[in-house]
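In the two assemblies presented below, subunit A is common to both, partnered first by subunit B and then by subunit C.
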Partner chain A sequence: MLLSYLKIAWKVLMRRKFFTFISLFGVSFTLMILLVVMAMFDHLVGPGAPAKRIDRMLFVNTIRHEMVDNHGWMNMPASIHFVDDYVRKMKTPELVGISSGISNATAFTKSKLLPLDVAYTDGNFWQIMDFDFLGGRAFSKAEVQQAQRVCVINEATARSYFGSTDVVGRPIEIDLKRYRVAGVVRNVSAARIYAYADVWLPYTLSANYFKDNRLNGEFLPVLLAPSAAAVPAMREEYRQMMRRVEIPNPKEVKAVFSYADPILASFTRALLNHQDQTVDDDNIGAFYLIVGGLALLFMLLPALNLVNLNVTRILERSGEIGVRKAFGATGGNLVGQFLVENVVLALVGGLLGLGLAAGALALVNEAHPVAYAHFVLSWRVFGWGMLLTFIFGLMSGVYPAWKMSRLNPVAALRGSGDQK
Partner chain B sequence: MLRHLFTLIWNRKRANLLLISEVFFSFVVLFGVGAVLITAAKNYLAPHGFNYEQVWRLEVRAGQNLKMPRAELDDVLRQVKALPGVRTVALTSGNTPFIFNTNNSVFEYEGKKSPQANVYDADDHYGEAMQLHLREGRWFAPSDDGSNHRPVVISQDLRESMFGNGPALGKIFTWENPGKGPAKPEDEFLVTGVVDAVRMESDFSAAIPSVWKRLIPYDTTHWETANVLVRVAPGSGGELQEKIARTVAGVTRQWTSQVRVMDNERLHRRLYTLVPVVGLCIMGLFLIINVALGLFGVLWYNISQRRAEIGLRRAMGATGAGIGWQFLGEMMVVTTFGVLLGTLLAAQFPLLNAFDLPAQPYLLAIGAAAAAVYFITALCAWQPSRLAAAIQPAVALREE
Partner chain C sequence: MENLLATSSHTRSQPLNGATDALPVLRLTNIEKVYQTKTIETVALNQVNLTINRGEFVSVMGPSGCGKSTLLSLMGLLDEPTRGTIEVDGRTVQSYSDRELANLRNLKIGFVFQSYHLINDLSVVDNVEVPLLYRKGMGGKERRQRALDALDKVGLSARTGHFPGQLSGGQRQRVAIARALAGGPEIILADEPTGNLDSVMGEEIMDLLLGLNRQDGVTIVMVTHDEQQALKTQRVVRFFDGSQVG
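After this line comes the complex of A and B, so read on.
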């Protein structure tokens, strides 16, 4: 049965090439755009070097200080005191690493200025993230504690500063200070904001390494759980831990809030922030709702277009429908047949869209919108794409199919196309 | 004639409802893209109000747990200024143009509140370094040292909102809600000059009212970071940048410095608008092509379904051109329904003052979207209408 439906679908596709082209154009371009957006999203929050074990990681973006007397909020990353005395004392995490946000620095090469993005990290950071080392190694815990002037640089920096990547042990002058290159890593995309930098330095050299007991600083803790299943427990322990945090300046700060979130939740919490910042809600549900709504809205216009075309084209097949109805096919049979046809069309369009998306991503990668970012279609994105295509096929098929099933066989057979 | 068209459309209301909703969504998409494009283009064409070419941003940072005494900083600036190729050096606050760093506040003059205004610190050379265009009064000068209040220069748009048409020079305004007790002299701002409106955020942002507060020379404050604008001779490059960095390091090894070219920062900043806008345009374009192809297909098909009707009308004496106009007219009426619905929705934006934008770009966008939708549907209806006009009555009626 299904086979004969598929055969008919193919015949119908081939019958009027112009209409087939219009339908396929709509489906494939809609999917191309959705797939490109999804590939970018996946690049931002999905696993990939160096954050390969991202499903086991939790990130801490800010410590929110609620000031006394409604003097507003101060939201800043964590201090070393907070990391050492609270986060590192937690029991569930396998490892706790830190990195700072990006700060700017300069190196000079043969009278050319080389702007660099510098991040300060500890030794654990290198064990949590899986960097691809082209040469050398990361700096160790001991080197960090002794504040040795060592650094890890990325491939691009090595090439523009030294002209080669085989530079382990050589000195590099950044902001007119000399560091020894401990290792060279493959370039990290700037979209992976927790891992990206051109140059990594020990945090003990940072200008924001304050030794007092303030909670706010410039460091972003990353917590690695022993397994993905242990992540919720780790999140809960962080929550419990926050209740015990001692506020160093209670005259100015009423309360502090901070959360350890998986990567996507860490973005949505900041992005869709509540007016009342004391609310503990990572907004991930709201995020999915908004994104899903936007995607549906975006698919609505092409779907409407396809509905229009299909409704019109039913008349072309009134003879066929009349015969089938006269021989006892029920409305349900016809709806099923038409839906199969439409889903086949959508799937063909989806495959085309996949090819177009690969081409579009190649163009985007060529243009380098984000430093060192390389967007690719993963199997996950492919699966989502096929699911979306399927939804699209159903969306644009249901109404015409219902309409077709209600065609009066007598009128249809007479060929007048009257739809009463 | 029009009445007849409405009857025809009513008879096929189901099919036309789908067409109307398609036109409606197309209009909404075109309106959205149009509003973004018109706003961006309008801002892009307005003058910046200052000259960003040949200006560098020098950032000097004190080391770990250190602060910079002003006297030492002034020494650094003197040495940088003495370098060949450096024209002017001006000390300012961290919110220099084209970077993601803003500092804004609301001010008050005789109970009248200003809109959110950008607040900059500026020394006596700032006006010269940025080449701001003075409309009234003068820039700060050493003669302001004796002033009892904080001298400020304001932008023209802030002047208009706070002082209207009255005089502004010599007037004193304060922060919003100055607080209890007598105001401190440094919180009372004495207008010494008015400059043209400036657009310092990005190439595509609108002008924002601005206030420049005078930095008092030779004070005793200590700084963690100092931001300096350096105007250089045309053609200066990396060599001078390195010389500046080494000059700063020569005074004290504890401090670090960075030199950035403001024009590069402008180009970098505008990508943040350009990339989303281009993406939006590509999406909009694709949707419209899609709709146009679909409409064309539907109309073409409708014509072949209505051959009998056309044949009958031709036999009764209607001309080919008349038939063509009928189909074009039907489509125009359907489009009008879609556009009206869309306008109802779009009109809410200027009415509700959405996104705090002026009404003019919205109205322009409504006009542009309506024109585009009519153009597209007319284009799609034209070829099928011609086909309809070419139908021979004898052939069409024989089929029946």
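After this line comes the complex of A and C, so read on.
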């Protein structure tokens, strides 16, 4: 029966070329936009070099200080004191690494000024992230502790500054300070905000590396769990740990809050800030609700258009519906048939949408909106795309199919669209 | 109702689906069909009592709008009477759900329409398979074989891969008859099957239907305007203004 449905679905699509074109355009264009957005989203939060083990990682964005006497809040990244005395003492993480936010620096080549994004990291950072080394190595724990002037640079910097990537051991002058290149890594997308930089330096060289007991600083701890399954326990241990944190300046600060979140939750907590910042809510549910709602709304418009076209198409096919009913088709049979037709149409549109999305992403990549970002349609995005297409097919097919199944067979055979 | 045309005795195939020879295929008792709108009430059928026995070929005649097609819709379980009862193989279908009625139509009734109502997107053999698609437990091979057998019976074995658009009117009606036969129904309801055909093709179709009735014992009820054709059947039922007049 399915084969017969598929056969007729294909014939119907081919017979009504204009209708098919309009439908396919709506479906494929909508899906193209959704897929491009999904590919970007996947690039931002999905696994990929150097955060290949992102499912095992938790990120700490900020430490929120609630000031006394309702003087507001101060949100800043963590200090080394906080990392060393609290985070590194946690039991669950396999590794705790840090990187700083990006700061700007400048290097001078013979002919031009080279603006650089610099991040400060520790030795563990290189073990947590899987950078692709073109040459050399990361700096070691000892080099960090001794505050040696070593650095890791990305491929683009190596080529711009030296004209080659084979530069390990050579000196580079950044902000008028000389560093020795320990390693060269493949470029990391600026969308991977916890790992991205042009140049990585030992955190002990940072101007914001203070040895006092302040909690706020410039560092973003990254915690690696021994397995993905251990992530919730690690998150909970961080929560417990925060209860033990001593406030160094209780006359100014009433309480401190900080959370270790998976990558997406770390964004949603910051983006969809809760009104009451003392509430521990990463807003991931709200995020999915908003994104799902928007996607649904976005799909709803072409789906409604398709519903409309489909309903009018029913009249054209009333004879067929009448015949099928006369010969024993139940309402369910007809709903099934029409849904198959619509899902086939949507899947064809989905495949076209995938092609369009690949083209659109190629254009986006060409335009370099985000440094070193290369957006791709992964299998994961493809799977989501096909699921969306399927939902799209069902959404736009259910109502017309139901309406079709309700046609009075006698009226349908006469060619009128009277309902039962 | 007496037979208007004496019929020769002929072999009858075994009734399907456990039906017994003794029971009429269809019995309509005190049937009324009233179409009601806000302002007007139209009586399409009034106090119709009709029994169709196994192996009969019955013609229904009458002027346009006399209720013939309504009667056929009721007989085909495509519509419900306002009053009265319909029995199929001795079972009253009043309380049947839509699904049960669909199943009953699939098993017991075949339809032939004036305008053929073939599905243009499907080949001849696929069209004939349509009723069998809704037959529970029937595999693709059996469906195909039964469709081919039915096409053989109507003399269209050579046209199985054609599409309706490639056939003449007479051939299309043969396909429609094959489709009606494919499911092995108890009864075929034909609504002016020769109405869209010229006299030669009409004769061919009529001969085919007569052959099916006489040789294979297929029970047929045919709505027609053609007195000559009606007279070839075993019994003619006449209608006027929704009432049975003969």
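Keep in mind that, in the parts below, the second predicted complex is superposed on the first by the 414 of 420 C-alpha atoms of A that agree within 3 Å, B and C clash if a C-alpha of one lies under 4 Å from a C-alpha of the other, contacts with A are read in each partner's own complex, and residues count from 1 in each chain.
Criterion: a contact is a pair of C-beta atoms (placed from the backbone, for glycine too) under 8 Å apart; a residue touches a chain by one contact, two chains touch by 3 or more.
Note that the structure is a prediction, hence the values are computed from the model and not measured.
J.: Considering only the touch criterion stated at the top, classify A:331 as touching first (subunit B), second (subunit C), both, or neither.
T.: second
J.: On the A-aligned overlay, A:4 touches which partner chain: subunit B = first, subunit C = second, or both, or neither?
T.: Second partner only, subunit C.
J.: Applying the document's definition of touch, where does A:409 land relative to subunit B and subunit C: first, second, both, or neither?
T.: second
J.: More residues of subunit A are touched by which chain, subunit B or subunit C?
T.: If we count touched residues of subunit A for both partners, the winner is B.
J.: With both complexes superposed on chain A, which partner does A:315 reach: first (subunit B), second (subunit C), both or neither?
T.: Touch status of A:315: first partner only.
J.: Once the shared chain is lined up, is A:15 touching subunit B (first), subunit C (second), both, or neither of them?
T.: The second partner, subunit C, only.
J.: Applying the touch criterion given at the start, work out whether A:104 contacts subunit B, subunit C, both or neither, answering first, second, both or neither.
T.: first
J.: Considering only the touch criterion stated at the top, classify A:390 as touching first (subunit B), second (subunit C), both, or neither.
T.: So A:390 meets neither subunit B nor subunit C here.
J.: Could you please specify the touching residues of subunit A with respect to subunit C in the complex?
T.: Per the touch definition, subunit A meets subunit C at residues 1, 3-4, 7-8, 11-12, 15, 319-320, 322-333, 408-410, 413.
J.: Residues of subunit A touching subunit B in their complex?
T.: Answer in residue numbers: 18-19, 22, 25-26, 29-30, 33, 104-106, 108, 111-113, 115, 175-177, 205-207, 209-210, 298, 300-302, 304-309, 311-313, 315-316, 369, 417.
J.: So in the complex, the part of subunit C that touches subunit A is made up of which residues?
T.: For subunit C paired with subunit A, touching residues are 73, 76, 78-79, 98-99, 102-103, 105-107, 109-111, 113, 115, 117-119, 121-122, 126, 129-131, 133-135, 140, 179, 183.
J.: Enumerate the contact residues on subunit B facing subunit A in the complex.
T.: It is residues 15, 18-19, 21-22, 25-26, 29, 59, 61-65, 237-239, 241-242, 245-246, 249, 256-260, 271, 275, 282-283, 286-287, 289-291, 293-298, 301-302, 305 of subunit B that touch subunit A.
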